[in-house]
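What follows is a group of structures, each given as structure tokens.
Shared between the two complexes below is chain A, which pairs with chain B and chain C, respectively.
Then we have the complex of A and B:
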């Protein structure tokens, strides 16, 4: 059909209401703030991998929904998470991205988390163990036993990722929330310890959900020359796009033909445990995490929404802890040639979401973003995004295709 | 030219070739055994990270396939200063350390109407180069682009 005038452009497409979303969910500042409260302050987030705090007293810092968080490994080897906020006057306690509390700090002692501001000290269980001039200032009115860090729920799971939630009473346990989606890779990821070998981050001017959508839909493989030549065969088009409870999806595997891309080779020799050669699995977790295993290297993306039109994405690459130096280098190259900041696909993916972000600035005219492909729940079906937005609607109590209305389950849910 | 001058000359000419995206001309300055890598130290995971590593053949394939890929065409401008050149006369080899700053002049990466023409700092780092000196020429044996950045945003398809 020909190009549209404004009225025609705004008319409803011939799709069911759950087959598109309103672009305001990607740009509206009010919806964004509500997402931080209703979703990010409630969800489980894999903030890092246990190998990033390998030894007792190692720590790692992050944020969820603007709240600073610290995770540390205690002398008892337990990984614990706390708000990285001093209960005295609100200083961020640890400013570095990672390190070890075995070193003393200018304001404090080794084996303590010390707030540099007025030198209050905490042990690795979050107890306040020292208040400078405690008695002189507080007499008996406030003692170190009365203060302490805000403890957060934290579990190490699904291949050694450190999962944290700001919600003290999550509605579902981490196991029940994520376990079913991880079934396809659980044996592989838990066969032996994994280790992080790659980290970088991107900040792009686009809504966080646009990044997650890109991870959930493979129709955009048309944008990736690499994926077209190494995929696009019958086995590729038969890959299942499977929805799991709580908004997660899994894209099933097939055998990638790496040698079809000039300069690339089969990755069979370094397959993760229990995997046939050159497999490719993808697990997309609500609200914005992704575990992507191309046979020999695992990638994990975590989004940190910064504004309606701004997201930080952290990218990690992981191999097997026991890798020899040579194996590790090959794995690193497998990972980075496609997924590194100078790799063939990641740059294209980021250009894609940046391009969407450019058309969906706060205040831009609301548009319909189509999620209406049906291909028998295989790779180019858009059921993954439809499934995600049902979950989003439930958490937000908003209709994804008309966010001014309260959420109602679509009639077609049973058919999906 | 003495060996150190040859090395400096090769580094500076390569900077111009890379800025011009004259990839094959640049590769002509690289030995057959050339090894290229972009690396950084990440205090986040407390490790050295390799962001790209290729041999000469791998680089040749990479640049050959660039037209097949969607890419951010915003040109990169490298500012290189050679800091040290250490020549081993006996071995006919040299090592050089240069500072490199890469600016990106935005073209089509975000919204060209608004930001095309703006130059931004893209990368900060060093070139750690090794050379073979032969027939009055300095040829790259290896180049490690050692960058400080770990926040790389959209990244790039191009050798730095």
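Then we have the complex of A and C:
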């Protein structure tokens, strides 16, 4: 149709209110801050996999909603999470991204977490075990028994992922929040220990939700050269986006025909336990996690929002812990040839969201972003995004298509 | 008595701490000028490796991490020190240093009390 003048361009699209969103939800600094408070400080986040903390005293650090977090495996083999902050003067306790407390550091002792600033020390249960010159400075007014690290709720679940929440009293247990969406893969992921074999991260100039949007729809097949020229068939398009409570969706399985992809072989021999050969399942979880099992390799994306127009995406690839060296190499090849930094799809996906981010900077004129495709809830339908933004609206108490208004349940979507 | 050779006494300069492993037992030997001490290789406070953190002066061994210290002549604890050193008996024969090692000396480090049940803890 015709090009639009400014007024026409700004007019509401002829779609139902839940079939588009206002681009301010991707760009507004105030909305972004509110998302950190209302969503990321309340949700369960899979911050890493337990195989990344394989031995007692191993640790890993990260942030959730800018709060520094440390997870570590104790001498009793339990994985625990703490705020990575010293209760004395607010110094960050551990600055390395990962490592082990088994050996001492120049400013710390073996088997303890040490704040290098004044040498206060904590055991791996978060108890304060040493305050330097305690009695000289605090007499009996403050003892090491009176202070300690802030411990956070932490569960190892759904295939060994380490889930942490900043909320001591979450409204829903992790099991009830994520369990139903994981049903399709639970037996497969929990049959035996998994292991991370690939990690990389991307920092993209785009809002974190744009990445999740991309993961929630396959309509962008048209951006993927290889998908266009090789992969399409009736079974491919017949897959459904199934909505689950709490904003999650699951993309149903189909059998990947690897013989259609030049240079690719069947992955049946290395398919995960209980998974029929060459099947592909995907779980997209609110507010921004993705679990993607394509036959022989599991991929997990976790987003960390850094700013309205900036997100860190961590990519992990996992196989079976018991893999032989040869099996592992094959799995790594399967993973990297599609999802590695030089794989055939991932960089194209990153180009997509970076391009969206370019048009949605803080202060950019609000635009309508269309989520209105209906295609019988199959993979080119946009019901996954509509489902996600209902949940977003509830957590934020804002209308996704007009964030100045409080949220109201759309009548039409309930039927989806 | 199980006397085992550690090294030649001349290998350990005065006022220094050196780590050895004798038949699978790790220990450090301290030359404090007036004599030698053979002790477990870690500080009884927080397991700090004494070969790196131990400093000897005027017969006092100090762990420089948190300043626990012992007079090596008498093994008397100094200042805020809360635990005694354990020692292996040592002797010299023709310039060779020997220690009486019946078994490895270790310190107990309490793993602090267990967690309360998560649901109680976070309420």
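By definition in this document, the second predicted complex is superposed on the first by the 413 of 416 C-alpha atoms of A that agree within 3 Å, B and C clash if a C-alpha of one lies under 4 Å from a C-alpha of the other, contacts with A are read in each partner's own complex, and residues count from 1 in each chain.
Heads up, the rule we're going with is that contacts are C-beta pairs under 8 Å (C-beta built on N, C-alpha and C of every residue); 3 or more make two chains touch, one makes a residue touch a chain.
Worth saying up front: this structure is predicted, and the values here are computed from it rather than measured.
S.K.: Please determine, from the superposition on chain A, whether chain B and chain C clash or fit.
M.R.: After superposition on chain A, chain B vs chain C: fit, no clash.
S.K.: Considering only the touch criterion stated at the top, classify A:342 as touching first (chain B), second (chain C), both, or neither.
M.R.: A:342 contacts chain B only, not chain C.
S.K.: Could you say whether A:97 touches chain B, chain C, both of them, or neither, answering first, second, both or neither?
M.R.: It touches chain B, and chain C stays clear.
S.K.: Chain A residues in contact: does chain B have more, or chain C?
M.R.: Looking at chain A, the partner in contact with more of its residues is B.
S.K.: Looking at A:354, would you say it contacts chain B, chain C, both, or neither? Reply first, second, both or neither.
M.R.: Touch partner of A:354: chain B, not chain C.
S.K.: Is A:296 in contact with chain B, with chain C, with both, or with neither (first, second, both, neither)?
M.R.: neither
S.K.: Is A:121 touching the first partner chain B, the second partner chain C, both, or neither of them?
M.R.: In the superposed model, A:121 contacts chain C only, not chain B.
S.K.: Regarding the shared-chain residue A:279, is it in contact with chain B (first), chain C (second), both, or neither?
M.R.: After superposing on A, A:279 lies clear of both chain B and chain C.
S.K.: Give one of first, second, both or neither to describe whether A:390 is in contact with chain B, with chain C, with both, or with none.
M.R.: neither
S.K.: Is A:52 contacted by the first partner chain B, the second partner chain C, both or neither?
M.R.: In the superposed model, A:52 contacts chain B only, not chain C.
S.K.: In degrees, to the nearest 10, note the angle that opens at the C-alpha centre of chain A toward the centres of chain B and chain C.
M.R.: Once the structures are overlaid on A, chain A sees chain B and chain C at 80 degrees.
S.K.: Tell me, in angstrom, the smallest C-alpha to C-alpha distance between chain B and chain C in the overlaid model?
M.R.: When the complexes share the chain A frame, the smallest chain B-chain C C-alpha distance is 24 Å.
S.K.: Name the residues of chain A shared by its contacts with chain B and its contacts with chain C.
M.R.: Common interface on chain A, chain B vs chain C: nothing in common.
S.K.: Under the stated contact criterion, what part of chain B meets chain A in this complex?
M.R.: It comes out as residues 38, 42-47, 49-53, 57-58, 61-62, 64-65, 68-72, 109-111, 150-158, 160.
S.K.: Okay, in this complex, where on chain A does chain B touch?
M.R.: 51-52, 60, 96-99, 196-205, 223, 225-226, 261-263, 316, 329, 332-333, 336-337, 340-344, 346-348, 350-351, 354, 358
S.K.: So in the complex, the part of chain C that touches chain A is made up of which residues?
M.R.: Residues in contact with chain A: 42, 46-49, 65-66, 109, 111-115, 118, 121-123.
S.K.: Which residues, counting only chain A, touch chain C once they are in their complex?
M.R.: 75-76, 78, 80, 104, 109-112, 119, 121, 123, 125, 127, 129-130, 132, 151, 153, 168-169
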